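You will see subunit A twice below: alongside subunit B first, and alongside subunit C after that.
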Partner chain A sequence: MRSRHPAFSRLAETLGLALVMGLAAFVVFGPLANLAIWAFAEQWFYPNQWPTRWGFEFWARVFRPRAGAWESLWNSVSIAIATVGLSMVLSIPAGYALARLTLPARSLIMLVFLLPQAFPSLPIFVNIAAIFYGLGLNGSLFGVVLVHSLPGLVYAVWIATASFAAVDRSMEEAARNLGAGPLRTFRDITLPQAFPGLMAASIFVFLDSIDEFTGTYFVGAPDITTLPILMFNASMGGNYQIASITALILLIPSVGFMLVIERFLKADVLSRIGR
Partner chain B sequence: MGTEALSLEEVSIRLGQSLILDGISLQVPAGSFTCLLGPSGCGKTTLLRAIAGFAPLSAGDITVGGRSISNLAPEARQTAMVFQSYALWPHMTVAGNLTYPLKLRGLSKVERDRRAEAILSLLGLEGYGPRAVISLSGGQRQRVALGRALIIDPPLLLLDEPLSNLDASIRRSLRGELRRLQQKVGITTIMVTHDQDEALAMADRIVLMRQGRIVQVASPEALYSAPADLEVAHFLGVDNVVDLRPGDPVAAGGALAGFRTADARVFTGEAPAGLDAVLVRAGTVTACAYAGGSYHVSIDLSDQAGNESLSGASGAALSALSSVPVAPGTRARLSVPAPMLMSFGADSRLLQGIRQ
Partner chain C sequence: MWPGVLLIAPALTAIALLYALPLLRSLITAFVGEDGHPTLGNLAKALEFYGADIVYSILVALGSLALIAFVSIAIAGYLTLGQSRWAVPLLRWIYRWPLFIPFIVAGQTARSFLARNGVLNTLLTDVGLVDAATATSLLDWRGLVLTFAWKQIPFVTLLLAGAMASLDRSTIEAARNLGAGRLRCLIEIVLPQVRPQLLVALVLSLVTIMSVLSVPVMLISGNPTMMTAMMAHRVTFYGDYAVANALGLFSYLLTAVAAWAYLRMSLREKSN
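Right after this comes the complex of A and B.
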């Protein structure tokens, strides 16, 4: 049969397209799918293509009290919240001051602020760990919070500066003119205007802290175990189930972030960072 | 609180090397409407901001009702300012914007709501209280900004180009509305504008500023008919300047004469009667455009050999109105009645204004 039938070539086209899209999807979602499979595989040995036994046994094991998952989840979340608190307490005044500077000075300071991010993080954390040893901060929650605030502050100051710069100066002047003092003006006018941006900054800092591994490893381990540390230990021990389940738990704040960012972060706030 | 007089004494503001305001002295009577008029960069907005407390003085003193306010913070001055951008707070409703100054003054919720209702009806915005600021039109925002300033019953109202962000038609109607409102409330008002029509239509008194100094303080009528010098005259629509010749019907000693296009006529035929009471110049028509009701004719005098002093500064091109169209290239004469002429000395200062 000479296949010049139009329906046939259309079918071939559709199949080809499906194949390409399937490949692309595999490249993107393949590792994620593998992770999802591992999370529910109770038995999966080499020659088998699929796990030989499925179930929630490892979930139960992860959340067993002495397995440490609850403790590291608690550590991760409380460290992240404390990091957000510290970063925002520092970046709100810093961002406001920077936003009111004239442009060349502001750009320079913002650039200098990015420098720690330009260095490889490993030597920085090794040095911080050495300094913290001297101060007795190693292995303490506070030390880990400090280490997490280092990258957190960069996000926070940048975004806070942009949000404050986006507040129209004459709105503050109108409040002053009508009888509000500087602090009252900041609380009633400036802060509510900058709130969406500050919210976005907090979310960035929170996610960065939840995910942070290197700094926690050098400063916190072995006394402080966070979820990424737990995941690392499980992977190194060849326990892919535990590692995968931890990874899925870590996915929760990320998805939450994407939902919140859609509500709070407006493009016009981000667009003012360079102004 | 009631309205108060404002007094500025030798107010100067220096920013680095440049003198933004240079020894401004001005008395503003209680209840009057004063316009600060001038080209951009003349210091009029800085002067307004200095009164509100946003531009620190380098020298001089500002008093309201006899009390010095120069060293007070903006929030302690009780001057109510309407900003060019209106500066309404978008995270509050219309009522929220209006009552915020009252909240700062510790008024009860009931009293705040009552005052907001009163001010909304004064502005013709009944029922707009719960609306979001963003949902308002430009004219409505302008009125809310005005209401927010008036609600504290201030001794002084400061308006920074309040109408410049509006469409031309709304601007004209709001001009009258703002003036009526000011007279009804009887509040001492200072308005900054670069629009001479706005200043002439609204003010009791116009303060003309240039390069950080006051050039002239006069009523609209006086400023219009007797501007202090040629530059002020030009700013007030005196768009024609000619070198004077012997025999022109103006006071002796003048070097230049100025007049408005609307006061000059063009004719091509015989000279009309009573020619001795007019200034006449002949030239070639270069352009003729319909201007609604009459024709706007441009005349070039420069080809008149020997008759013009070729100093270059003035007198080369003039414009006048004509009731009939005149073809470009036609030889024509332009006439201005003697009372409509202003004469200026060689130093460009006014010698004789319009006589009406």
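Right after this comes the complex of A and C.
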């Protein structure tokens, strides 16, 4: 390369780089484009390489008034909202205590909130289902909310702890010195400052619940159908169009979250996670 | 002390009921026979029936982790050391997309993308890289490795690129000034400093690979397959929690070995 003209080697480098970037884009977006093709393919039989008829026929079928998609969407969203509510109600006080108050064996407690992510979760879900079966919680919305709250709680406690740790202590002390009680200080000073982090935690828990499959499969099935369960059933039944349309719907919150996360999860909170 | 304990008690109770109790149940059930007596029979049965699946899971996990590590190091290294004004921001924009995409969606697209008559083979045939008559389905261990890597590379890259960005630039600049190429700089100067973050990200990815049920069920028909699929099969078809939990014990052990290796390595590095 060195003996060649510098302009030529620069051109070769740019071309090589463009090739690698094109390959990276194909690897990331190719499988996603594949979903879009399937979602609009009305007729696609072997040996045709590409669909022979395109259209919205399957979309109409998915969104028919009495089709299962609306019920699954409603189930998914209400379960996710309830999971966010339960996880945040439990983790806001816990996060505040871990960040601000003296606790016996604090690092042990942090470890306990880390364990569910440190080992495979499938055996846990299987045994939750077995316990819930005895309690009559299997196949109920509440049971699914509880099983979604396990990963939800872990994320929420971590992010809430980091958010409260990032709040400026001197402002809290100033408020106390001016005569504000502890509750008023928390409401007017601490909570507003921790809000973006708590919002990020809520979005995270919401997204995790919307996407959750394994826990719902063991605890909810066959009575509770969420979007992931609907997608799985359609796929295993060989109905790739319905599965791809459901998959595209599931992509909306995921991609939306990726685009807004940096606005909520600031570097000062990120750097404190796990401490 | 008491206000703190009071505030944290509800969350701890929830973890006890939703995690510790099922965990205990899974450990105990694995060692109790049908007659209610302690036994190692479930473990023996799990090994006998699903030994091939355990080995298969380990190999798929190792293959995935190797691919994930290699590609993530390459991307994060290029994001840190690359000089192109257009390619670095472009790659930063491209690589993150699969991060929050659910595994079940990745499984569905892999199922149709990597099939024998799937879009990938169609495209490769059109380009002339693959002969249509000999095109094969990638829906075996290769499909699993590719799908797990597709999902986990953004996660590992994100942690790795973050760690690389916070490194002291002066040693890198010094090495560059002394004539070290970018690849050598990455391998000899940058990589040793971010090894802890790389290992944490890989251990977390291993736990994820060992937890995902949808991808192996959607990609693999028949045996051997991942342990997760076999645990679900044992429970849904036979209602046999004992053997399923015994199999679960092996998946705990596997991730525990990885976590232990990581802890030992980081302790040794600290003492040096």
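Going forward, the second predicted complex is superposed on the first by the 241 of 275 C-alpha atoms of A that agree within 3 Å, B and C clash if a C-alpha of one lies under 4 Å from a C-alpha of the other, contacts with A are read in each partner's own complex, and residues count from 1 in each chain.
Please note the rule applied: a residue touches a chain if its C-beta (ideal position, glycine included) is under 8 Å from a C-beta of that chain, and two chains touch if they have at least 3 such contacts.
It should be emphasised that the depicted structure is a prediction, and the values quoted were computed from it without experimental measurement.
Looking at the shared chain after the overlay, A:180 reaches subunit B, while subunit C stays out of its contact range. A simple residue count on subunit A separates subunit B from subunit C, and the partner touching more is C.
Of the two partner chains placed around the shared chain by superposition, subunit B is the only one that A:168 touches, whereas subunit C remains out of contact. When the two complexes are overlaid on their common chain A, residue A:30 makes contact with subunit C while staying clear of subunit B.
Contacts of A:214 after superposition on the shared chain: subunit C is touched, whereas subunit B is not. Of all the residues in subunit A, the ones that touch subunit B in their complex are 168, 170-171, 173-181, 184, 188-189, 192-193.
Those residues of subunit B whose C-beta lies close enough to touch subunit A in the complex are 52-54, 73-75, 77-81, 83-85, 87-91, 100-101, 104-105, 148-149, 152.
On the side of subunit A, the complex with subunit C involves touching residues 17-18, 21, 24-25, 27-35, 37-38, 46-47, 49-50, 89-91, 93-94, 96-98, 101-104, 109, 112-113, 115-131, 146-147, 149-150, 153, 157, 207, 210-211, 213-214, 217-218, 228, 231-232, 235-236, 240, 243-244, 247, 250-251, 254-255, 257-258.
The part of subunit C that touches subunit A in the complex is made up of residues 1, 3-5, 7-8, 10-12, 14-15, 18-19, 21-23, 25-26, 29, 84, 87, 90-91, 94-113, 117-120, 122-123, 125-126, 150, 204, 207, 210-214, 217-218, 228, 231-232, 235, 241, 244-245, 248-249, 251-252, 255-256, 259.
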